[in-house]
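The following pair of complexes shares a single chain, subunit A, combined with subunit B in the former and subunit C in the latter.
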Partner chain A sequence: MLDVRQLLRTIGAPVMALALFVALWSAAAARIETSIGALPGPGQVLLAARGLVAEHRAERAREGEFTTRMEVKRRAALAAGEPWRDRQYAGKPTYFDQIATSLATVFTGFLIASLVAVPLGVLCGTSPTVYAALNPLIQLFRPVSPLAWLPIVMILVSALYTSTDPLFEKSFLSSAITVALCSLWPTLVNTALGVASVDPDHLNVARVLRLPWYVRVRKIVIPSSLPWIFTGLRLSLGVGWMVLIAAEMLAQNPGLGKFVWDMFQNGSSETLAQIMVAVFTIGGIGYALDRGMIALQRAVSHDVRAT
Partner chain B sequence: MTSVRPEEIRSGARPAALALRGVAKGFGPRGRRSEVLAGVEFELAPGECVAVLGFSGSGKTTLLSILAGLLPPDAGSVEMDGAPAPPAGPERGVVFQSYALLPWLTVAGNVQLAVDAVHPELGRRARRARTLELVRVVGLEAALEKRPRELSGGMRQRVAVARALALEPRILLLDEPLGAVDALTRSSLQAEFARLFERSHKSVVLVTNDVDEAILLADRIVPLTPGPRATLGASFRVALARPRDRTWLNRDPAFKKLRNEITTHLLELSARRPGRARR
Partner chain C sequence: MGARRSLARLGSALLVAALLGSAAPAAAVPPEKDELKLGFIKLTDCAPLVIAKELGFFEEEDLYVTLEAQANWKILLDRVISGELDGAHMLAGQPIGATIGVGTKAPVVTAFSMDLNGNAITVSNAIWKRMQAADPKLAGPRPSHPVSARALVPIVEEFKAKGEPMRMGVVFPLSTHNYELRYWLAAAGIKPGFYTNGDSTGTRDADVLISVTPPPQMPSTLEQGTIQGYCVGEPWNQQAVFKGIGVPIITDLEIWKNNPEKVFGVTAGWAQQHPETHVRVVKALIRAGQWLDASPANRKKAVEILARPEYVGADAAVIANSMTGYFEYEKGDRREMPDFNVFFRYFATYPYYSDGVWYLTQMRRWGQIPEPKPDAWFDATIRSVYLPAVWRQAAERLVAEQHLAPADLPATDGYKPPDSGFIDGVPYDGRKPNAYLRSLAIGLKD
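Up next is the complex of A and B:
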């Protein structure tokens, strides 16, 4: 009897809430007229999603044909002894390519942020002087929106990244760095807190063993603050993913943000439905990233209570 | 290796392994400062086992931290072999009251950390062999790959002792080593420690609130007067033959007499407690 109730609560309640949401959405969609047609309901959004999948398949098929065609031509040219230059397929990125770009961008930004924030956090946590020095800067820059960082980053990237054969697109770099600047803080603050709250007895063990500082950091400080660091990383990745969409919109980095912006600009009857598909995609990926970080945190952490 | 008896020190043959001269220590901000220790004089002869006996909260842990070099005294000095003591290090092995085992390392890992720290010159294999040997000494072979949270209090205590022994310290400092262990485990561990210390011929300082434990393990017992401004009183010599067996001691008249004397002395000390006298 109790089990049934438990089951109803853990599965039934979310299903009910979801059903209610869809019902309200459908009801609203039928009534609201916008400048570019009626607000799409769940059915239309599902159709739009299918359309995006179909488009992706068609594009991949065209790319496949192009590659085989080029391969035939290349062999013919080589056989005839003519010069040959490979040509890149120049089709437009599909919705899934855009998702891939967004993920690559967010992980690049997140990686940059982590590489800066964790060592800096360890430094802040071990030295009260460093913490006192950096704290005002942290407090000053932490609340800054990505929309404020982006123009500065774009101009700096243009000025400083002047390779003739660039490995990365400038828009990609600008978005990634903006993501890094915004997602730095949770990891930095949490790492510093975690390091500062290492059990003093454990540090005394390090002193009795006369461990050099790098062994102390590697064997005692880092493992001990790992649960804190991972909480920070998880928050950072969440912030980074949220910030990314805005950064891509403005930097024109070919990811989900640009997709939303382009849809908004072209204003076709499909627009709203496709943007809603993007909203659900962004939400779903954000949720998956968070669950992934939790799983990772559990795997590496000695603290079984980590949630 | 023969241990040196305290008599030799007094005759000036060898300096004390560890000594405190006029040590004072307090905590807290000015105005609301509490002076924990004041005017502490202490000498540990090489090879001697001294028990510092005190009520809980009387500054035992503070005293031990100062002896270990983990806490600087406000006044006075710490000496090793007649010279100012160096910073905390492996020559003074500490068994912490809370064990201070690293929860993310296994039993072997915790001991290995200490072996690696004191024997960087040995190869990987030799260090591993040393670790296994130490774990065997404290009888934990079966729990080699377990983590501290999977162990009982008594087992954790053994790991902490193995880690301290891994340092090959000349002086072993034990902070209420059996304080957090249940009564049954306590008496079996006491017997084990007694054997271990007799064999290792180390100089040992043991801080405890258990009179029986002090008599069982120590050559000399020094009561710590109740704080604030705690200090060490006159010491009691424990002239009982070794090995000392707990069940046998309980019937020994000399043991009973000594226990009585010490208990009475401690009660008198607590009655003269400055905090109470003022009230």
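Up next is the complex of A and C:
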């Protein structure tokens, strides 16, 4: 049976709130005059979003023209018996390229963070001594802002990563490492808590069976602390995404953060609308990442209560 | 998509056939590196880089160039030094400062001067009103120019008496703007402050505190009242006029006629490893400069390209205000100023030693160079930073390709004749830097 009141609450209420938000925004936008024009309303932001899509298409068309020109040169070179090497199109990154860069960066950072945080968390959870030893350090570094880490990371990356033919851009590495440094803490703390709260009976059984420690960790500790670990990972990814935008602004990694900064620097009449498009994009992707992690958590831990 | 590709292939095959019919060009040395990433700051004087890319001058040299906007001058320089960027749009003082170790120390060189002039000093509306009250010549809708900083003296005194010195912004400690603003203030007897070993902010003994703000943030910093004025390149002075938050009162053209402004900088190591690439980049840039100065129609087209969000990104109307031969001081006070942005005329692209030495004298004048240096040091230093030989090689090839006329190459040993185009009329001879330092009223004397 369809419960109308239930339906109203789950669909009607959010729709109402959204409509109210858009109405308030439109009303406010018309009244606020900034030094670079009026605050854009929902309509202008939508237009700016369309503009970005059109720009993306135009850029791809230019890439096509470039490919054609290169084909001419390639044939000429081959016909003349000269060596030829394919060149990458050196155009500007479009908005969608920037989104892709941001996603690649955040997942790299998240991967580094997880590779460090989960094993360290297991160690902390299984050994109270290790936990006691590391706890002050964790508490000390956990609240540090990405903007404080970034200059240190950038200088270290410049000093240590000196390949002549680098696989990654330095700006990419700096941003990803900063994301990792800021986002590993929730996973670390949650894993430690999860491991520490494994049912002692299970561990006793393992002891009776004389299971070696790695089997104990693999068969008992990890499975029973999985929900905790995933909660940690989910929080970490959220933090990482938030931190990334700030890191990209300064590290010059060509993602959404750099987009926001560049548009701000433009100071044109389009600036505010374009930055608002980015705000909605960042929010939307953050939301999608979170839902993705929840789905993963459910699939792995059979924890249907995860929301 | 597939159909379009194959159509394109067919088209290109036909073109190849046409090309093969013509005589093959003489085999040239290929560039050592053909995929380059060059940095720039969102200022209209990045135009030669943008034009060289957009009009295909780079591609004609077999260079595939990505242009990337940088957050500020410090990050730009650091990324050139670390090799993340192959080269960049730089402040004229940056390669010199980096080479002698003012700020980050690393040998950086330049073979191409990107433009002359293009900066202005803007003050807030309130300061301008008080200057007009202090000097009747400045009152009215069309005050007489150039505006001397003398009208600013009583205001500076008032600020000082309140214990809150007046603050002004420049874009970088080594920037042309810093030296131009200091020159203008000092020419009216206002002390802009000295750099000392313990004070790298350059505010010791200062009547006006000069601080650093990235160019695009200048208008908003002025609007917030953090500073009362600034010296910056375009479009950030015209932006103040458009937004109605400030008044550009003097252009750098009036402070020092045809002063060298931005350069194209690379590290000394890069230049050594990529000699052919370097010459080709300079070739493309010289052609871009030539195109920019060729006609008003080209300037209009340049404005439209620069207004794209990936380049300068400001509104085309704002960029056009200074790029098309005019300059607007106050709203409505629009004056003809064909030399406000020079990209090619007056041999603008040639890296003159004397231009670089002037920056060295100013670095010494304000204490960024902490101890006195003999004249020979100035000459030796600038010869390690400025590479006119590379410029000449590029230009001679352009002459051979009939893109340049032989008369476009200056007959010079790198030093311009003594120049007296300064607002205070003090003559400058690049061969005698110490004598020049002694002739300036305010500043270190040797």
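Criterion: the second predicted complex is superposed on the first by the 295 of 307 C-alpha atoms of A that agree within 3 Å, B and C clash if a C-alpha of one lies under 4 Å from a C-alpha of the other, contacts with A are read in each partner's own complex, and residues count from 1 in each chain.
As a convention for this text, a contact is a pair of C-beta atoms (placed from the backbone, for glycine too) under 8 Å apart; a residue touches a chain by one contact, two chains touch by 3 or more.
Fair warning: this is a prediction, and the values are worked out from it, not measured in the lab.
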With the two complexes overlaid on their shared chain, look at subunit A and say whether subunit B and subunit C clash or fit. fit
Which of subunit B and subunit C A:252 touches, first, second, both or neither: second
Which one hits more subunit A residues, subunit B or subunit C? C
Figure out whether A:268 sits in contact with subunit B (first) or subunit C (second), or with both, or with neither. second
Now for A:30: first (subunit B), second (subunit C), both, or neither, which partner does it touch? neither
Using the touch definition from the top, say if A:156 reaches subunit B (first), subunit C (second), both or neither. neither
Which of the two partners, first being subunit B and second being subunit C, lies in contact with A:7: first, second, both, or neither? neither
Quick one: is A:80 in contact with subunit B, with subunit C, with both, or with neither? Answer first, second, both or neither. second
Figure out whether A:208 sits in contact with subunit B (first) or subunit C (second), or with both, or with neither. first
Smallest inter-chain Cα gap (subunit B/subunit C, superposed on A) in whole Å equals 50
Report, in rising order, the residues of subunit A that make contact with subunit B in one complex and with subunit C in the other. none
What residues on subunit B touch subunit A, complex-wise? 65, 68-70, 87-90, 92-94, 96, 98, 100, 102-105, 113-114, 117-118, 147, 167
The answer for subunit C against subunit A in the complex is residues 4, 8-9, 11-13, 15-16, 19-20, 24, 34-35, 42, 59, 64-71, 75, 78-79, 82, 84, 214, 216-217, 219-220, 223, 239, 243, 245, 307, 309-310, 312-315, 318
Which of the residues in subunit A come into contact with subunit C in the complex? 35-36, 55, 64, 67-69, 71-72, 75-76, 79-80, 87-92, 158, 169-171, 249-250, 252, 254, 261-271, 274
Which bits of subunit A are touching subunit B when the two form their complex? 199, 201-202, 204-205, 207-211, 215, 219-220, 223-224, 226, 302
